[in-house]
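We call the chains A, B, C, D and E, going by the order they appear; numbering starts again at 1 in every chain.
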């Protein structure tokens, strides 16, 4: 009753995976609190549940995925989740393992790639971009090892859990590692033999977005969230904190998932 | 070390969550698994209520649940979870798949314990005109108590490590913390601390279970 | 359905991988777990070789391994895995953590079975001058055979569902296939097929285990 | 009360068939104490277990208290079984329950009111001499104490039929006696029908009205105890009862008794003849002397009963006369060793 | 051979202390067959289990074959135990092993060559009458068959010491006899020392040289069987042996015997006196008649031994004379009921 004169506090539940998403959300918590929004970060360890929970109304928004993944999810589950803004992009990198350089790649070399759908496809696209293999449908984000049409070095692809790759790196010739796992394992994007470029098409395609239920885009709390998470302070936080393994990229989307502009 | 303060409180929180999850789900797993174990024992070929069909049915259900990877089970029973606890995320939602996964496991352990009960004693009860229910409650359960308690301990310990996977649906708990910090963030010290707490929990649990089993075994030998 | 052909061959491959992984790791888990179970039984308070320290040490080791979430165990013992099988990825590498995880589990189950052996029979062997080794090999193991077999079945079934997690380090197998296609790619039919195959595997395993346990139990009752 | 008709039961042990009961028929009257004796492995326990259908015979009929047990449905069988107490050869106590709870078990099954059940337990413990052992577990009891708990448990519900399988085998003579007194007392008070398997001949003598002898799954002899013990028909019965077999060996008798050409016979007498000094009177009158090598004078129920091995010293013909006199008084006589042939030769010589 | 000195053992059952052995000392000579009798719960099994240290006494010493067992280290104790065979009250067979494998067990422990072990098993099966049951499991045997397997197992290794706990309790008289013969045979051939706990008095009579009587954890009487049975010192012994207690009740005797004022006594005689018709001669010479109400004539080892309850008819003084004559021949006499007082009154009247 004492605080009755204050603006009513609104609870905003946002689902996220731990790194860097939850950390970035926690960073803007004080900012939103000033606007009377109590941001609750629900941490998931998984890429399916945050969407389920959002679609069923147990979350107000989530932040863990990129648009191609979201579209795939919507299509397969008949849901209507839409992106609002993008926040960051985590470039995949190709790191040396047993072999130190791409020049003397041995015949039948093993390369570890993440074993989840999109990361695997991205990894394969990265390998294609440096000319190691050729894929059936280069733009398809569901490519698997079965879609390799040309493999001159007889490369053996090992599908490993993304977080485990840094740990098994020394048992393979090369390893494709997600940005967040690379930095946590103590590698720098600068050590990578190849990486997705920060201003590339990949970056725009795989930027991680805030997702809400269709129709919620203009709710005041969501608008405030979007604004806070694309602020210059966040850009600085990301750049200083993640040393290039996480790159800020602030884009605005329409309900169809089309990019409608950049936020400065 | 900078966020050590945060982590300690998180560990406290996670410990409570684990205790809650494991406690409740062990209890429920035992409550559901015990009757299932009794059915498996009684309907097995050559047993009291020999019944091919019931035994096969129970056995198949138990085997289906037990053979499905836990993460798939977690997803597959989400409708059930939502119907039971009203949500598919959080600690309470995590309990449902833990129970569903552990109950058949406990049922098998209970079945094994029942098989060790001296058939002569069961026969003596039958000779006194005990009904099947009376045989169950007055002979089978009391006589296999040490085994059932040891089995519950095994189940609880298994659940502690299983509960790590409940992070998938935001269940939290120590295991989740260990996976998130230790596995995904490479924060070895957090992993060590959480694991240590889990080991202590397991140790205490095992100690209690051993004491209880021994208590009953001593008397009955 | 377009790539049905691919998938079927993949399922065949995965089935073989699962059989191999589970077969080898059950065997090794039993081979390692049995002596550990014997130690737990013999050194327990009030038992043949009562020894507080050995018992506590064995118990703590078992509890540590059992309380650590499997995925963390998988990572934590990578150095061991590399030392043993020369690599940390693939089917063979997956067997190591499966064994390390399952052996203590089996040890507890074996311990429980040993406790059910009639102490009178052990006493009779002692009265005949049997050494501790002879008591173990000639009394304890044969007398608890039905329980040990049932326990091995429980362990193998648990390993089938555990082996799903071996996908983390490229272990492959049915569980991994189910998780990757079924869970992550929403290919429900693939998930159903792989799960069905797993259920059939478990069913066959359980049937064999039951038969063996019953065979020995019948004789010894 | 109990009627078994043409009961057959064969165990299968994988590599062998074991006919434990072959076409056994048996009538036990209401209020009777019925003994079953026979060699180890003869099928006694199996027969007893058929009476309450713990073992279902492969053919034949089982009637108890006018009910055809084999035709009953499970629930009805349970009801019938509540009237049948059983003492098992291996006790089969609940290991996880105290002495008190073991005895309470059948009372709880019968839903006896708590206060009454407690009273009954105290009473039974008193009867079997285990007051003070209420809170012991079976593992903390001696062999005989376990058996007494089993006896108390079987008696708890005032059964109409009591099946005893070697119920006193682990007990010392005095405790056995007190248990038998107890059985007789119960029998008198409640008219319970008792079937007891035992290998202690003296137990049969003391409490049984009739006795059956089993051999290799068959019932070879049934009759009143006095009759069977006085004039056993089957060779098995004779061997089970006696100190002597047909050759007089195994009788533990000093060998010189036979070597010297002494006449040795086995005598069995019932009633007055057993106690009175008939034997010595007969000997005196015939002018011979005799010596009791082995023997017992006891009672079958309340009838005095004597069995002895007697060596005679004197002229063969006079010995014959003395023995005839005994036979006239109802004694059963069996010559041992070569005595029969010697006597026959003697008679032949006379002709 | 076996020497127990001041052995004390108390069980603790949580709420109670049970002194199973109180300061028990015992000497068993080499080659002796030694019996232990006593009431159920007296501590007989516990005592036996102390001899091979299955139960370690809380104080006292245990010597077997010149070795102080309590001082031995584990391995040495195991070696000593191989020389000690034991037959348990509850058999304790390996449930998972066949009859054959159960008997092979001690032979394997002793590393007996296979061929010899097989021969020995066949021999033992023959001895206990279980040929053909090699491949049966214990669950497929009758009670007596199990006991016989346990006996065969204990004998397999030609033990120097054999401990038997109610080794024949589940056996019919003939099988018991054949087992006892077997024991005696083994005893003669190999000079084995046997300690047997039993509640069958006749078993003690037939095979034991000496006997000890236990009561409530104490050893109340030890001596040669003839001596103890002829002149029992302790009240417990008398009750264990007899058909009669001090009052003559529980003797199962017809009550009118006492009411009529008949003089009744218990007589025990050993040696020639037991078999010869001494009793009747004495009666005849004193001019009274007598009747044997209960009695046995048997042998302790090879010494004839008789115990009987006799009723006398005739003048009290003449009865006294007859009895004195018997006493002169070594008979132990105990007057029952009021007979003693009556006789005393009679004598007082005479003075």
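Simple rule for what comes next: a residue touches a chain if its C-beta (ideal position, glycine included) is under 8 Å from a C-beta of that chain, and two chains touch if they have at least 3 such contacts.
Just so it is clear, the model here is predicted, and its values are computed rather than measured.
Steps from chain A to chain B, taking the shortest chain of touch contacts, total 1. In this structure, the chain pairs C-E and A-C differ in their number of contacting C-beta pairs, and the larger number is found at C-E. Per the C-alpha superposition, chain D sits rotated 180 degrees relative to chain E, a value rounded to a multiple of 5. Note on chain placement: the centre of chain C and the centre of chain D lie 55 Å apart, centres being C-alpha means. The centroid of the Cα atoms in chain A and the matching centroid in chain C are 38 Å apart. Our note on geometry: chain D versus chain E, Cα centroid distance of 22 Å, whole angstroms.
Rounded to whole angstrom, the centroid-to-centroid distance between chain A and chain D, based on C-alpha atoms, equals 89 Å. Residue positions of chain E touching 2 or more other chains, listed in rising order: 90, 137.
Of all residues in chain C, those touching 2 or more other chains are 75, 183, 221, listed in ascending order.
Residue positions of chain A touching 2 or more other chains, listed in rising order: 48. Across the whole structure, chains are in contact as follows: A-B, A-C, B-C, B-D, C-E, D-E.
Within the complex, the chain B residues that touch chain A are 75, 78, 82, 87-89, 167-170, 176, 179-180, 183-187.
Within the complex formed with chain C, the chain E residues making contact are 52, 54, 75, 78-86, 88, 90, 92-97, 105-106, 108-109, 137-139, 157. The touching residues of chain B, when paired with chain D in their complex, are 118, 120-121, 123-131, 134, 138-139, 142-143, 145, 216, 219-221. Only residues 47-48, 73, 76-77, 112, 115-117, 142, 146, 158-161, 164, 167-168, 171-172 of chain A touch chain C when the two sit together in their complex. For chain E in complex with chain D, the residues that touch the partner chain are 11, 13, 15-16, 18, 37-41, 44-45, 89-90, 135-137, 140-145, 147-148, 165-166, 169-177, 181, 199, 201, 206, 239-241, 250, 252, 254, 275-277, 280, 283-284, 289-299, 302, 304, 306, 308.
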